[in-house]
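Each of the next two complexes has subunit A plus one other chain: subunit B in the first, subunit C in the second.
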Partner chain A sequence: MASPGRAFRIGLVLVAALSVWSIFTGVIDLTPAQAFGEPGGLALIASSRAPRTLAVLITGAMLAVAGAVMQVILRNRFVEPMTIGTGQGAALGILIASFLIPGAPLVVRMVFATLTALAATFLFLAIVRRLPPTQPLLVPLIGLVYGGLLEAGMTFIAYQYDMMQYIQTWVSGEFSGVLLGRYELLWIAAAVGAALYLIADQLAIAGLGRSMAVSLGLDYGQVMGLALLAVAVVVSLTVVTVGMIPFVGLLVPNIVSRRYGDNLRRTLPLVALTGAGLVLASDIAARLVRHPFEVPVGTIFGVLGAVFFLVLLYARPRHAR
Partner chain B sequence: MHARTLALLAGVLALCCLGYLTLGARAGWDFILPFRAPKLAALLLVGASVSTATVLFQTITNNRLLTPAIMGFDWLYVLLITATVYMIGGFALADLPPLLVFGLTSLIMVAASLLLFGTLLLETRQDLIRMILTGVILSGLFRAGNGLLQRMIDPNEFSVIQVASYARFNAIDTDILPVAALLTLLALAAAWQMRHRLDVLSLGRDAAINLGEDPRRGYLQVLVVVAVLVSVSTAFVGPVVFLGLIVAAIAHVLTPVPYHAVLLPCAALVSMITLVGGQTILERVLQLSTPLSVIVDVVGGAVFILLLLGSLRP
Partner chain C sequence: MLRTLALCLTLACGPLAGQTVTVDTYRGPVEVETMPERIAVFDVAALDTLAALGVTPAGVIEPIYVTYLGDATAGAERVGTLFEPDFEAVAALGPDLIIAGGRSYEAVPDLARIAPTIDMTIWEDVVGQGLDRLEAYGEIFGKQDEAAALAVAFQEKLAATRAAVAGKGRALIVMTVGPKVSGYGAGGRFGWLHDALELPEAVEAVEDATHGEAISFEFIRDADPEILIVVDRQAAIGQGGAAAKATLDNALVRETRAWKTGRVIYLDSAPLYIAGGGIQSMSIILDQIAAHVTGG
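== the complex of A and B ==
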């Protein structure tokens, strides 16, 4: 397998360039000269443009990492947290917290979201465990239907409590609301994602299957539990802050593993970087395509990701996973 | 035997209709009737369309898990409407005679679904799971594409499509009722006309050929009817993903025979009971504001997963 080092260095340059572009893209025209020359230029960057760019980078990176981890521990190429119910579980949790404890502080909602995301994921795993291993495509299929079911349940609650508009913000991900002071939770997600890197080797072993992992001396249950908890936290933080962006976790790990294999410790940094770059490029496109209006980046990814999924579904040989 | 089942279902449906028209009425008949009767008619039309489209689709795909809605037909229709508004403008669209618009969109829908699902369904028919997954993803793609196009449209013209894109049984737009009724009845009549050939087609490709039926021609005709039925029901109430799946499954339990002469009316009756009865209970008895489609989606999603798991058992 090729070493991802060179790709990582090239990617870093590209992402840096995209970040600069992102900072100078928006409703208010802002050139680099204005930013440093005119009053308010730097303030605009500090309060809005830079937080947005950072939020996009962290979200993209962490969703890609969460997807890679999910694919390794579920041993299935076609899954990611936003298509198997984890994201919908998190949104459901925020919704429940919002009407059980109106005016609850963000931390309380976060805890709720993480717990329901975990519960939704565990329920999905319980269903998946009963599937025959000969049908790998059943896992994403049931995941998609299951996610849709959770979303319908959410719509039901929202209708009853007149909160339809409220839930839209989590169901379709976008970054237009990100300002200084409104995205800082994402740094926790980044920290959790970095922690996943530390247990990357254990995750790779867990990905060999329970019996193999146990015979290699791994505490399988503990590693799986930690990984799922980390994924749930990352996903919940993302959903709370910017909403659901589908398919990032599916697309990026597949692109990276085609060339660089599945060794998580080696590929995770590249996965994170690719995720960050891809979502940032989409966010810039979302701001430019109908300037001065914005298209949710989740919508753009919905189209891109679905097309990619179909390619993935048909490009592979029938028996390969 | 099955005649009794059907008669019983018809009786239940009559009760549901009566309940829908009378329950919670605080004014006289002459005031209530013009309000509720067209909505009732629309519900009945949608019910018969969805169930018939599903049964036909399951016959040609030879599988009880597949429905046009799961394969993305509904969202394809919504996407077509949005694309039309995007290209010619919402107000221009609203100015055209409804019959023309309806006929045109149905025609495009037939062509698009023949192209897409014809190749999908008729060429590779072995790998069922892959096909369903393809349908679900296509459905998501149409949905996301629709969302993207909606954002690109002038907000004023946007209101024209908003009507088409979410299921709302309690606020049915009855302006298109006469046109839709005509088209639906034609398509339903065509399906009924085909009932014996459908029995043959449901035996599978080889058996159908042996019995002197050209499966390719039959499949294409069925797809045309399905496309029309889906267009009509989606135009009325928007996409309802799992309604067809549920009612077809119930019909198979109530009348476990392979004959479409029994199956089609049974599924239609179950479907109309579900819609009218469900809407009556939801709107008049429980007074919930949730659209029926949301509840159907929750129940239907669970039914789908259970059916899928059940079909895997040897």
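== the complex of A and C ==
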């Protein structure tokens, strides 16, 4: 397997360039000269552009990491938190919280979202444990149905109480509401993601399967529990702050592991970087496609990610081996 | 085709010795039997105007989401929800006339198979069609005088509000949903506020999308309207204008002229959104705008 070091360095440069572009993309005209020459230029960057760019980078990176971890510990290439009910669980939690305690502070909603996201994930694991291991595609299929059921439940509640547009905020994620003071929760997600990196080796061992992991001396239950908790926290923080963004956690780990394998300690930084870069590129496009209005970032990512993935699939034989 | 169908059904199903009147509906003029005794109502704007006329329906949808119509529907049978009629309940009710439209628009042909149905959708020209509907109900229920009085009172209120906002500058209509904001233009579902009040738009490019255009706070800052009209979609779950205010109270919106001069008007979303075009709903909205502009 190739070393991801070089790709990481190239990626870092690309993401830095995208970040600069992102800082100067928005409804209010702002050129680099204006940013430093005119009053209000730096203030605009501080209050709007920088928070948005950071929020996108963290979200992209953490969703990709959450997806990679999920894929390794569940030993299935086709799962990711947003398609197996974790994201839907988080959104359901927000809905229940804002319904039970109107005007609840963000922290309360976040705790609710994390708890329901965890519950939804464990319920999903309990369901898929009964599936035959010879049919790996059944897992994502059940996941889609399961996520759909949770969303149907949300829609039912929302319909009864005239909250359809409200749940749409969480179901279709985008970054138009991000400002200084409105995204800081994501830093917690970043910290949790970094913590996942610390146990990357244990996660990789857990990915060998229960019996192998236990015979290698790993506390399998503890590692699985920690990893799922971390994924639930990351996902619910993202859903609370910007809403659900599907496919990031599915595409990015697959893109990276096609070339660099599943040694999480080596690949997780690249996974995070690729996720951040792709979502940031999507968000810049989301701001520009219908300027001055916004397009949901998930829509753009779906198109961009699919094209990127196809290119990678078809280009591979010429480079590898 | 549908019009002919509705017309045929109206004629075919009516009792022999009824007096009829031709009223304008969304699908064109339809002949309707006057003084129907049992009516089923599927549109909240219709319910609003009928309540103002003192007409009590025998069947209504539930929930109706707006609070000010609670008394008007007391004792009525439940015949479905905002979008979906419960056809069995409608058939069991055996109404003489069904008033549908708006969100139940698509159910009109099916409802027409049960009883004479008029499509009273209000769309685009909210004020004009709202007043047309008022007049039509007046004729159907023999309350022409009441309807005329309501129309005159509304026109006066409209003129007064128009005078109150005249010269106060350009306005931007936004709707807050949780932490996010969408913008509405003169062609959108709240556009009648621009037209009827002759309120200039702060941004002309906002398109005619039912649920508005997703916008960022930078968009509001860049538009810099003198009047910011805010529809809070979350008011339905008891968070009122507080949630909308919390969403908009940020470094960018604070820099707009509307925020600096206090011309940020929070409108109740249910009357505007659910019952849009109802005569009471339009009066409530105008009152809220007038109270704010003259007060501030």
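Note that in this section the second predicted complex is superposed on the first by the 301 of 321 C-alpha atoms of A that agree within 3 Å, B and C clash if a C-alpha of one lies under 4 Å from a C-alpha of the other, contacts with A are read in each partner's own complex, and residues count from 1 in each chain.
Criterion: contacts are C-beta pairs under 8 Å (C-beta built on N, C-alpha and C of every residue); 3 or more make two chains touch, one makes a residue touch a chain.
Note that this is a predicted model, so its numbers are computed, not measured.
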item	value
Superposed partners subunit B and subunit C on subunit A - clash or fit	clash
Partner chain(s) touched by A:Ile10 [first = subunit B, second = subunit C, both, neither]	neither
Touching partner for A:Val20 - first (subunit B), second (subunit C), both, neither	neither
Which superposed partner A:Leu216 touches (first subunit B, second subunit C, both, neither)	neither
Which superposed partner A:Thr155 touches (first subunit B, second subunit C, both, neither)	first
Which of subunit B and subunit C A:Pro140 touches, first, second, both or neither	first
Partner chain in contact with A:Phe293 - subunit B first, subunit C second, else both or neither	both
Of the stretches 96-104, 168-176, 222-230 or 276-284 belonging to subunit C, the one that collides with subunit B	96-104
Set of subunit A residues, in rising order, touched by both subunit B and subunit C	159-160, 162, 290, 293, 295-296
Complex contact set, residues of subunit A against subunit C	26-28, 43-44, 47-48, 98-99, 102-103, 159-163, 165-166, 168-170, 174, 176-177, 179-182, 287, 290, 292-296
Complex contacts: residues of subunit B adjacent to subunit A	127, 129-130, 132-134, 136-138, 140-141, 143-145, 147-148, 151-152, 241, 288-291, 294-295, 297-298, 301-302, 304-305, 308-309, 312
Residues of subunit C that touch subunit A when the two form their complex	63, 65, 81, 177-181, 183, 203, 205, 211, 213-219, 221-222, 233-234, 236-239, 242-243, 247, 250-252, 270, 274
Touching residues on subunit A, where the partner in the complex is subunit B	78, 127, 130-132, 135, 137-138, 140-142, 144-146, 148-149, 152-153, 155-156, 159-160, 162, 172, 246, 289-290, 293, 295-296, 299-300, 302-303, 306-307, 309-310, 313, 318
